[in-house]
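Supplied in structure tokens, the structure appears directly below.
Here the chain labels run A, B, C and D in written order, and each chain numbers its own residues starting at 1.
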């Protein structure tokens, strides 16, 4: 490699070919991202007459700090534990501890994330940036549901349209149609579908159950909002992954199916022992692509819920934009972006590790 | 009572088609709703959303919403801007990304693996998170145009085009495809006297039809549907693309019929383009898939 | 046309040595075949000559000029690949003329040269077809046509026939042979098939593990293999090897024998020998004469398989020590399975290793 | 490029005028760029174009070039442009946002004679830090919109400016309306409108309760004003509106918001004057535009709408100010009012309008604006305060704990002020 490598080494040519693309990516993705990292270490504002100052990891600690608060129940003069009308122990309000209470500096300004009982005491997990924590959990939930469900549905659709039926191309193209429609447009349309009073979904369900279905305010209800957005996101993107699966299906040799038929395999056995093993690499690709797309959930939230109700649809990217642009806190928004990047990076490395070729 | 005969081939066929059609309905109804609504006056449109009428062209049907939409916003100009920006980005993007992919697969150079890792890493940076630093940057970039030298890229086509020419996914797709091309073809062309550019342009690219189609469509969709960035960089109406134009329809009193008309106007060209090419398109995506 | 020299050519991948100092002299107009088992480095060597691989050490000269660092196109070579490497997006005409197009040869001249090449290969009628419409043999023809048209100093063939079926392979072999005579060009041909090597070559280079085992004309290699490897590699069926011990020797001759072979006196060759040393005798199946029953001064064994092919008969014989030999006789003779036979041979046809 | 554009514009205006000689002096003029938020609104475009053309013809120094933006993304566009040092000479700015832009150095004080605007409604005058940075050509006002017949049916008193509904009275009306069962909801607050609507329409309720977004004496803290007892009382009341089913919540269908009152789904609507004409046309004399209820500290409604300012980047502040001053003529103020339904900022302009002149159908809004209007906190921190307030109200409407939510909101506002060093310069 040291000497005489001009035939198989093409430093100049290689760079000449790669540099337009690579250079543009450095300039327009890598440098802005490095800038974002730099911002996250300062108190940079979107607009301000004041110069930014280096603040170290303050933005990260403000965002990620959690604390634990152990609360004793309220007792009356005789030492009995007070109970509320449901018969549960009554606890003092946490704002007593978190607001200007010098005895509890570790939870100063924090909010209750969740809590549980431990004996008579209540243990509260406190977060300094509760909205970010919720956004983090929601994002992970979204990924955890959407990646497998969308992948599986896409596979089922791919199997369906891989049948040798007359006119199957028509179905194929219909299933793909939502992919070509802008997500902003799709989100606007689905607001009508999810509407709580006279939405299409409610009226369809109402008809199907002969009036027994009680209308649900899909986007206005904490329990259904994120799920509704998941369903719509899957609806919009599943066609794309269907095609990727289809491409994988078409690489499986028909002779394998013939062999399975001769061996008398049931459809499930055929899938289990012929189709699925043949889709290994496709599966890796599908899962990775869906995961990455799911992590950048933004437009749907922006158009449909703005993160509500009660933060049940906050996501990291939405928060990063809201914080950085809406509230003009670039440094905070950038810190979120960096955390998201590290999160996705570690998850994709983990995925790659788990799906590595074992031999 | 009717019994489902599992072995009746006709019946099985009917069941299959029924399943396929039901699923098709799920995919097509929201789009149908959009198109039908665009033909109705606001009052009727909103009243219809709670029934099957939402999907039917019944009642007071007209193209008034379209007329109004065209009066409200310079739709033709937005559409031209979108097509120009999208078209140029797609063409340049395919060129630049395929060249990079070519270099990563067929050429051997110092720093290649690091560069490729960086490109893969960019795949996991959502655009929204770098939009502001990028805005700060493009506003200070120099430019040498026909009308002389200037600083700052805002309010131009270039600011909507150049940052999006190269993207990691397209480079990755090209590289994956190139890896599967027979190496002998490259070697044969080298022996026949091709320079590397000739290998790329006369041999590799002509063989890359499927991946070019796939990458073109994916890039087209991503560009045509851009939203956040054009809002930030097009202060002059003359440069705005269609999705920014959508904002023109959300005034204090939203005219939903016009909104639906506008949504239809900006969706239909893509849909038509897709339906016209769908066979080639799906075949091309399918043929570029990962090989087992 | 040109001659070509390889001087101490080496190829290393990191610390792995693929080619370990190869010297070959190829004369103008010679047809040289590199032959050897897979992994012996023959293809690598060819690709180094082509300029597709770097030369880690040594010197490659074509026409007296060192070309180590020249790009493939500047070496005056043309190459035919095992997979044909025809460009699927071009017609046959475009494929054949591709090199000329790239180097900017004027159109008239290109047309003329493409037609000439097509004529030589009798494929004028194929010129406007697409590669997908061609059979394997036709594709190979196109690949060769593409090589011819550029009028190279040296033709390189990398296992060009191995993707063809047996009958077609024989036809193409003959065509390549004819082509060589017609063009009188220097050709280097890589194959793992010793029949191709024997039939085509002016000169065969036998390679093993990145080293040259022997260089010579087909008959030289057949009759005087330099070592056991060459002996075993060339010839079909392969040469038989029988272990023997030296029982006596003098200045002119040695006497060997074993459990399965009667004492044989062989001409002495230049090697230090002591009584009791082990040697291997190599005898080609064609030189073993099987006889019914016991005959003095021969090898003894039992027939385990008899294949009568009409014009020849191939016998698998198990010797008393369990080893096997093969005998091939040029006529239809009947030997029963399990029959005890004697195998007679002429000492002149024996190789000692 | 610039010259051709200039020429084209001049030719256009010359053509409109029918006299060619105006174009002779076009080349001597200096371009002033003007950004306006009304893209997509034809009526609005007509008036602003009229002003621009009139101004360009009225003098020979300046040539104003208009660029329109869709309102939904206008602030984003301006912020992006400011970051990129790409601001125009003249731009319009939403009243409460002005201090932020002025503080950030986007705007410069107007060079306008203060006497000229002496009789303007206070809400349209954009003062910050003692200087006039912006001036509005109109104001807007919010009223409780309903029908006389609706109130009569439940026997509710029709409130007046001097005697608005008290909290109890108002809640009673809601309860009675709810009890009729005729309406989906008695009150449409306009929850479907997100963004600035929340602080604009709802913070006056908080102020009427005695709280505020921030302590206006210092503008340094929200502690005690946004989460004090008055604010918590407001929050509890706010939440009760949704708990009791008096008003549709955050997920209100935008379409319902638009047509609900007109179609009788809602009995009352808390909405702005810009939609008033629609209501008038539908209900005629039956329509009522009532003052805000008094929750203890007097009835309040928001003030300050879009206003014009001059960017700090402008090289021609005098020309820019001249244009704004030119636009302040009564005829233009009246034209905006007539076409958009907005409130003219002067009495003299009001007399020129169809709806706001004495006895005009909407004159009540002019009165409301004069009597109840309170500007939103005049501080650069308002942008964040507004966002935080919006989220807090949405969360409380969704059932969040009132005290905790307001605490969080106060904390966030204070943290922001601290991060910005008290928004001092």
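Quick note on the criterion: contacts are C-beta pairs under 8 Å (C-beta built on N, C-alpha and C of every residue); 3 or more make two chains touch, one makes a residue touch a chain.
Nothing here was measured: the structure is a model prediction, and the numbers come from that model.
Here the two chains linked by the largest count of contacting C-beta pairs are A-B. Of all chains shown, the one whose average CA position lies nearest the global CA mean is B.
Remark: chain B and chain D have CA centroids separated by 38 Å (rounded to whole angstrom). Centre-to-centre, using mean CA coordinates, chain C is 92 Å away from chain D.
Centre to centre, using the average C-alpha position, chain B and chain C are separated by 56 Å. Inter-chain spacing, taken between the CA centroids of chain A and chain C, is 62 Å.
For chain B, residues that reach two or more other chains under the stated contact definition are 46, 49, 132, 136.
Contact of a single residue of chain A with at least two other chains is seen at positions 8-9, 46, 195, 198-199, 325.
The set of chain D residues that touch two or more partner chains comprises 76, 83, 254, 256.
Chain pairs recorded as touching, per the definition above, are A-B, A-C, A-D, B-C, B-D. Within the complex formed with chain C, the chain A residues making contact are 1, 3-9. Against chain A, in their complex, chain D makes its touches with residues 76, 79, 82-83, 100-101, 103-106, 184, 194, 249-251, 253-254, 256, 383-384, 387, 391, 394-395, 398-400, 403-404, 407-408, 411, 415-416, 419-421, 425.
Within the complex, the chain A residues that touch chain B are 8-15, 17-18, 20-33, 35-36, 39, 46, 157, 160-161, 163, 165, 168-169, 171-186, 188-190, 192-193, 195, 198-200, 202-203, 235, 239, 243-244, 246-248, 250-252, 278-282, 284-285, 292, 295-296, 298-299, 317, 320-321, 324-325, 330, 333-334, 336-337, 340-341, 344-345, 348.
Contacts from chain B toward chain D in the complex involve residues 42-43, 46, 49, 71-73, 132, 135-136, 138-140, 147, 152, 154-155, 231-237, 244-245, 247-254, 256. On the side of chain B, the complex with chain A involves touching residues 13, 16-17, 19-21, 23-24, 26-31, 33-34, 46, 49-51, 54, 96-97, 99-100, 102-104, 107-110, 112, 115, 118-119, 121-134, 136-137, 162-168, 171, 196, 200, 221, 224-225, 227-228, 243, 246, 259, 263, 266-267, 270-271, 274-275, 278-279, 282, 285-292.
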